């Protein structure tokens, strides 16, 4: 059940049987000359919808711009500052918690979002208690990173070994190829690829990773691989969501 | 050309011939028991993509949650506070302006976004000048509301007369039916519908407009109408975009 | 009844019979070499006081600096950023709402304030509900622009035709001449005057409108005209205020 | 020379001979059942205009709402939060400093503004240096409290002794009576008046100072006294302004 | 009793007999070539601990970075902006007030903190009332500047006369020598020392006070003097704290 | 070399040979009835000083209050909100980067700080580039958690096995006992201890972890263990710091 394709009366009915909602979150950032700028949002959204079908969970609107300041030296990247993103997530959860939602499961497609999301969650719990919303003590937020699913990680290593890298990876590119076969890109990539540098500011990042790849070879991606990753991630995160939403509140 | 389906190298190439970008912006808010919660984002995104095809413009990621605080007494609504939205739009435009974009055309699906967008634009122009970005004096933002296109307005009046109303209108519902025929909703609506009240806070809004409609009869919508609205809006806003982006910078 | 000339005990008594207050808001910005920098605040304040006399409404302190970032390339202009102005208006209304006021009627002298005021109102309604102030659901804000009164508009067209323009207009200059006859300015104006350009940032604005006028000929203003505008605006906005404050709260 | 009664071309000419500006700042807060809510703004504005006449200084718009949170349990009080006020003052000075002003002399009518003003000044100096405004290192702000002028203080002690008190004082009330003789109030005051309590929050303040006076007897005020205070303050602050604006920049 | 050396159960027990807490606040800023960068925090912390021993008060963590923007042109200085510091103090007091504390006594070592602290207190009282914390109306904050103790001031004048100056004073340097005899510094100081200039921005400050001293001769300091200052300050502030915390709440 | 025990001239000299600085960061939060509220700050500060001695690095002031909102239902806990902490860290690094520092090594004693610190770093890199500080592209921040040192982790497992737990651990308590032997606490602890629950808001946390321990048995701690942990952490983080600060800037 997708929120944007539902009516408020359907949401009202849903809330009688579940207080859980899945929020896909990605990023709009360079993914090398082969990967799509929307990769992280595309993956998170597709998997979230798959999870929604498998679990009857409500899927909220995709947060398609995240925390990608370190990629902003590449054109086409859009990023929220962390302090903006905290306010955004706060506004989302405040609205939904007032309506009765209490279990927020973020299916995330971008490593750069994790720290800010976790910071936001802490701020939000305190904010909701300050607002004295009746269900504030029950509100729980969790971030589930599809690319860190053990089954996904295992397959990526099998298929690509070290060439999986850590940004613009063949696994995420494969997933976008499965979802958007009409947008498969070809571009020459140098056989050498930088890797191993920590991430600091945007200028530094582009200097160290001149084509945007971090140790990866996205040219290895195929749509067929993408379907495999999709299936694995949907299955693992469906279980993750159900555990989260059915978790014993009393501990 | 859609940003999320492009690579950074394609964006780099695009910037050599155009500094314009279209940003669809909608809302996630109740649209009566018949209209979809994602109506405003769905419409803005679809029309923006149509305009993109017609004009070769780059289409950025859809801002699918906007300023809908007055709808938040209905479950499923998510809203940014205006001060959050100003920061969000600032972050988007700052990233894109640094990359070389200077003409920002917001195709908007929600009347409630207009004031905050305009406030944001003013704040952003000053911010970019403070940052001393070289193209700061050239940056221009414009909001284009598809539902205020004269051709759209005229057709809505012809088809629905007074039953067009001003929220959860048959015209916008029709457009979503054309785009998502699988999500056409049926629900009983009272023949009486409230209208004419000004918009204040969320509690007041729900009291005055108990099912969420503002003078409208969305049951009149059909997917065929939706296609007509789509075609008209795409045509009119394509012209609008080209005028904007080709405008004489020197005045 | 003017707030700054009243005591708190008089306000306490006033609140027993009315919860309405009028807040004049203007701007401190260039108005061409002939118009006063304080034009918008002067006009709003004078008309608000006239409305106060006609309706027995309480008139709050004039917000004399508004949102004029686009005029800041001319010396003497002072502007709040929109995000600052939202906080300012929030602080005003929060104080007054806690004291029992619920109907806030902003008599506005500057078009550039409208978007930010409306954004502020939305933020404030939600803020007051979050604070759980008892009268939060009753709080209503409205912006009334004297220069958009139909009677004012009609007279301006009769007197000045196209030379009314849209900034540093003869109508507003006339009104300041009526109020401050000792501050009537003379300055040579070019016969050519720029018009028709949209408003973007401050540098762009000054380039397009080098003397600050937007299609207007303020030299046509006379104090006698000013009195006519004053009388029309006071009459029309007195009616507007009474309708607002006496509006059926139940819809 | 008053900014609101000047044109931008007059300001441009002024800046060629002086970079100083006087900004009156008051408050909108209870001043007992006899003192006007606008007392602090009225006094600051009147004295600033007198100083302007005596020194040819430019007088900016009066900041008529200041930091009066501790008075907000009395109806009619409006206060900015300190963090809002810092942003407001920052916006004022940033606009004016970009235009070429560098000496900001705040004539202040309210003790509660002092701390926040000083905090704001510190923030602003750093902000202007961050913006790399060319005259940033020359920018100087000073707050001059008319009620702390030694000549004023001396006269108040002579006229009223201990009954001067520290809020809603006869000296400030006298000054408003001189300026607005039509708004002289009469109200019974208890002969006992609270004094000596420190200022904390609003609820505490009203409990300790139930009619709003702090050790004062404003019934002693006369318009004639007011004129004396006005003359003394104008003279002393005129000297203060000239010293400030002519101060040796090199130390 | 020091908070950082206590357990939460000890704090719980403490709260049953006292709702007072002492918060030392200093700064991290240049103190001439002889004075330690941590001078203000060292002094505040040491004195606070002495007061804690004398009065059984709980001593919170030292705020060791304060408002020192004007010293930032000297390397090693770290400063909060005033608007950040307001948020920091707000967060501290909100946590502690929710736990039951209501009397906050800031022992301060830096004049530059005073204005921002006072601004913060005003903001916090209002914030706590907005949160509807039960003890909000009882919350009281006070800033006690050890260097302004009358006994300290008197001794400094006796020992150093005019060479006490107003920054990097021999009295504060002496106190740090008493506390950290291992960190007594020697450095040549010019016999001429600047004094009498007002404090504006950082660039201006360093230009006027090139070695960081303001009229002082810190070479006069000895650890023995330091012990005297320590004893005087502890005694005077212990009395101050007890008066504050035992103050008649009803006035 | 400790910043608070240095002079600005010593810092100036230091900067000629190193641009690195270590910032200890802890927390002020409950650590069970046995662990000190200052545990995280005490550990981070002590280890940082040890690292400073071993590497000649400059050690900045300890950030002794961090992000501990989830512990705020226990009295004595003080926490910054994440959005406040981002501003604090931004202010620190901005001051220090302007002075010439570029390598910021945070020795951290609290897991709850990590996410917010990382979010802050991202915000800061972009902020410094916006300020156009010359060394902005060289600025690098890193967080080093002493409790996650592999040698520390290994010893903790050897000494305590599963009773190490994840909050109020015997390893951190042991370290505080080594540093403050005079503050070793005794208190009865239930043999049962909650574990395995995720961390959400403060009310939820206290309900799940009623005495504040998370699966740990801090009664196992001894000062001798503490010394071992101290030595291991100092050694491992000294290496970590040197690698960081000597890292090949060119990648």
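The chains carry the letters A, B, C, D, E and F, assigned in the order they are written, with residues numbered from 1 in each.
We take it that a contact is a pair of C-beta atoms (placed from the backbone, for glycine too) under 8 Å apart; a residue touches a chain by one contact, two chains touch by 3 or more.
Keep in mind that this is a model prediction, so the values were computed, not measured.
Novice: From subunit A, what is the lowest number of touch steps before subunit C is reached?
Specialist: The fewest steps needed to get from subunit A to subunit C is 2.
Novice: What's the farthest chain from subunit F if centres are computed as the mean of the Cα atoms?
Specialist: C
Novice: If you take the mean of the Cα atoms for each chain, which one ends up farthest from subunit A?
Specialist: D
Novice: Using CA atom averages as chain centres, what separation in Å is found between subunit C and subunit E?
Specialist: Measuring from centre to centre gives 46 Å for this pair.
Novice: From the C-alpha centre of subunit B to that of subunit E, how far is it in Å?
Specialist: 53
Novice: Could you work out how far the Cα centre of subunit B sits from that of subunit C, in whole Å?
Specialist: Chain centroid spacing, subunit B to subunit C, equals 29 Å.
Novice: Residues of subunit F touching 2+ other chains?
Specialist: In subunit F, the residues touching two or more other chains are 72, 81, 83, 87, 132.
Novice: Take each protein chain as a node, join two nodes whenever their chains touch, and name the resulting shape: line, ring, star, complete or other.
Specialist: If you draw each chain as a dot and join those that touch, you get a single closed ring.
Novice: Please give the residue numbers of subunit B that touch subunit A in the complex, ascending.
Specialist: Listed in rising order, the residues of subunit B that touch subunit A are 2-12, 15, 28, 30-38, 41-42, 60-62, 64-65, 72, 74-81, 83-84, 87-88, 90-92, 95-96, 98-100, 180, 183, 185, 187, 212.
Novice: Could you please specify the touching residues of subunit E with respect to subunit D in the complex?
Specialist: Checking each residue of subunit E against subunit D gives 67, 69-70, 72, 81-83, 86-87, 112, 114-123, 125-126, 128-129, 136-142, 194, 197-198, 200-204, 207-208, 250-251.
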